[in-house]
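Heads up, the next two complexes both have chain A, just with different partners, chain B and then chain C.
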Partner chain A sequence: MENTIQSATTNQLDVKFQMRPGATAAEITLKPGQKLTAEGGAMIAKSMAIQMTTSTQQKKSGGIIKGLKRLVSGENFFLNHYVAPAEGGKLWLGATHIGDMEQKELHGENLIIQGGSFVACTENVSIDASWQGFKNLVSKESLFWVKASGHGTVIFNSFGAIYKLEVDGEHIVDTGHIVAFEETLAFTLTKAGKSWVSSVLGGEGLVCKFKGKGIVWVQSHNSSSFGSTLGPQLKPR
Partner chain B sequence: MEAIHTTEGFDFKFDCKPDYGFLTVKIPNGKKIKVEAAAMASMDTNLEMKTKFKGGFKRFLSGESLFINEFTAKNGNAEIQIAPAAPGDIDHVYLNNQTIYLQNTAFVASGDEVQVDTKWQGFTKGFFSGENFFLIKCSGKGDLWFNSYGGIIPIDIDGDYVVDTGHIVAFTEDLTYTINRIGGYKSLFFSGEGLVCNFKGKGRVWIQTRKINPFVSWVHPFRPKKNNN
Partner chain C sequence: MNVKIEANPAFAYLDIELAPGETIVSEADAMATMSSELDMTAKFNGGFFQGISRKLLGGESMFVNHFTNNTSKSLKLTLTQATPGDMECKVLNNETYCLEGGAYVASEPGIKLGLRWAGFGSFIAREGLFKLIVKGTGKVYFGAYGGIVEREVKGEYIVDSGHLVGYEKDMQLKPKLSNGIIGSITSGEGFVTKVTGNGKIYLQTRNLSGLASWVNRHL
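Then we have the complex of A and B:
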């Protein structure tokens, strides 16, 4: 028993987030032999002795089909797997966007993450980009979603700051602002206003109504709104 | 933020770190500092500006050049506010007969006695941002201020360390480096990490938490489509 507790604690990921919330980087101290899977392109720096391999799918979970699904869904097809040497090591991960990062410990439950927000997870967490919970989502956000399940640590990032919403009952979140949510929550996509006309003209389009008990991580800014503000001011492509 | 008083060098302070790092330097009468061209945001009237051009005309054509303005306090003590081009962090180091290499856009300002030169890396070692094959070499004695797009984090290295080439802001001269691919050949093309810099020795590297290129690629699809009429 004592052994299992020890192995459970030793497998926990040591993460420190630096420069929050605007320019967040994750400083990860890997224990001897500890493994981590990260989104392609996320590495800033690492100890020399940490080994990296690239694969089309997460190790030990699914095969080429899952990898292909990941490609189709727009999430990075390729994941990088890091293994710490006998003396352990340090790994720094960053994100593309101006924004924050958060971590969540999974104990067998499922977490749904906005596709572009997945950063990294530990060995016993599996990532499935074929999650279709929002498949009827007709929205300009064109988001895709990733389901993380298993036991271990998941790291995700946001555009802007992240705030945690503890839902108990009902709550409405704009689809473009959802970073992640616990799958214990039921959800329906609905219009923000009373009528479709006011929803579309009001700029809110589709919103997600969460129901039940669980946590939603919400980002303070919506990257497609920012892109639409910048775009027209740039030269045509 | 409170002003930082140093026994050597100029008194200065940083504001709005790490997202909008901004520098204020106090210049005693008769003293001079070097500032990256166009970085001066405001200053008092005691300061006189002179433009210096580092690198020569040939280097100007190859992009390996640096315009530096010199500000001299003439009729009394003076103060200058300096705003780097990119929103991001700013950091400081006092050089005591040392040499530090900066990524080509990182130079913000320095004391007058700091030698600022551009250094051609060659095609095998030229890695910063992929297009500009030169570094800025700062050596001598005095203050040095530098900035980045994103936060700046110092990492002390004793042995070996790997840093993504696009995330390097600065490093001390005592480190040697080679440019390598990371992992196997599959990783070179598919890992998204591109080339990395292997540092060796005992010294310090300053990394930036973000890169500007991914931001540029991200904004690209939002640009309007060209009208072909």
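Then we have the complex of A and C:
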């Protein structure tokens, strides 16, 4: 956990990850006038004088039927925009699941982040929730993805521990374990085993095969696997 | 084969390096990442009938995955479990050991998985009519919800139902009222399990049905 302290040099975000890795929260110190965009619901606490506005981003993954469902249910990807006052301020961000957080500096490159893992980004990073690279994803995980691009800091969280997988060549990652990956990597959805039969019977289904050179951030646990272990013990609502 | 348990105790997963020719067997859906050159084959776990009975009677998955390195260089693989918690390695030397449902994560190919009649006592204690056994020679990796505590039992020991993860094959599990009828209700312990025998048991410090019943009260 080398980057516990990320000190502010120029316009970098001052983030300290607290309570790692079990119940990580991001303690962010905003400089006067500094702006930050965070996922709706991520805020734990903030200085009184930090201003907040909300915007929505339409999620577009999952095909026509799911898109229609979202239209009806009005389910959107909410982003909250925070602006620090003249004296600066403090903002604490958390996540739904127990687990860790990581940050990544973007210098013009693109990062694809699993929708539920996106926590926050600085002003000059744009977030596109309509990224559809996995649009044909027929997987048990109903995931959506956001593309972060630009210059600045991105923060994301994981269910469980988070580890970097440096791909050089080809590597397979279960879709439910992907937190984020560099868009320098090419990817295809494929079978995990030698045959489709093995992939389905072995419970892996579709997995993501990354090709090229780049980093994938992997989470140790899969929230839908945990959900389907706990789910059968819950009473119907 | 080089296997490391990483990110324990909260989020343990297995970081594995397979040398050429090596195979590791895992529970279905345990793979998080793997080198694309590894061969993954789903197989009936311990043969057709064992596989089916393990699914129907033991509540486990019917298939296990065999990951084999058929290349001439070492390849990487990470395996995980569904619940956050710790993992442990048990070395068997032509022995048999019992694991609770859901605890099994992975094993070396010298280990066979099977089922054994556990008795009605085990059923009443909500531990199931059958117990999952691992036998043979090699390493077995199993996981838990929460931390894993190891206990050496001589004679008798009381554990709460749902916290037992692994135990010796000759141990008897019997349900028992924790403290008489009134005491069992008021203490909140209800049925406990009396473990009789000698050897090592593993306990988990959390219990998934405990979490489920807490969530259920809020639904």
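The rule we apply is simple: the second predicted complex is superposed on the first by the 208 of 237 C-alpha atoms of A that agree within 3 Å, B and C clash if a C-alpha of one lies under 4 Å from a C-alpha of the other, contacts with A are read in each partner's own complex, and residues count from 1 in each chain.
Just so we're on the same page, a contact is a pair of C-beta atoms (placed from the backbone, for glycine too) under 8 Å apart; a residue touches a chain by one contact, two chains touch by 3 or more.
Since the structure is predicted, the reported quantities are computational estimates derived from the model, not experimental observations.
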Check your understanding: Between chain B (first) and chain C (second), which, if any, makes contact with A:43: first, second, both or neither?
Key -> first
Review point. In the superposed arrangement, does A:98 touch chain B (first), chain C (second), both or neither?
Key: both
Check your understanding: Should A:230 be classified as contacting the first partner (chain B), the second (chain C), both, or neither?
Key -> both
Exercise for review: Classify the contacts of A:22 with the two partner chains as first (chain B alone), second (chain C alone), both, or neither.
Suggested key: both
Exercise for review: Applying the touch criterion given at the start, work out whether A:33 contacts chain B, chain C, both or neither, answering first, second, both or neither.
Suggested key: neither
Revision key, fill the gap. Chain B and chain C footprints on chain A meet at residues 22, 98, 228, 230, 234-235, 237
Review point. In their shared complex, at which residues does chain A touch chain B?
Key: 18-19, 22-25, 27, 39-54, 76-78, 80, 92, 94-98, 223, 227-228, 230-232, 234-237
Review point. Mind pulling up the chain C residues that touch chain A in the complex?
Key: 6-7, 10-13, 28-29, 31-37, 39-42, 61-65, 76, 78, 80-84, 102, 208-209, 211-213, 215-216, 219
Check your understanding: In their shared complex, at which residues does chain A touch chain C?
Key -> 21-22, 98-100, 160-161, 163, 165, 169-174, 177, 192-195, 197-204, 207, 209, 216, 218-222, 225-226, 228-230, 233-235, 237
Point to revise | chain B residues touching chain A - in the complex, by the definition given at the top | key: 18-19, 88-89, 150-151, 153, 155, 159-164, 167, 182-184, 186-187, 190-193, 198, 205, 207, 209-211, 214-215, 218-227
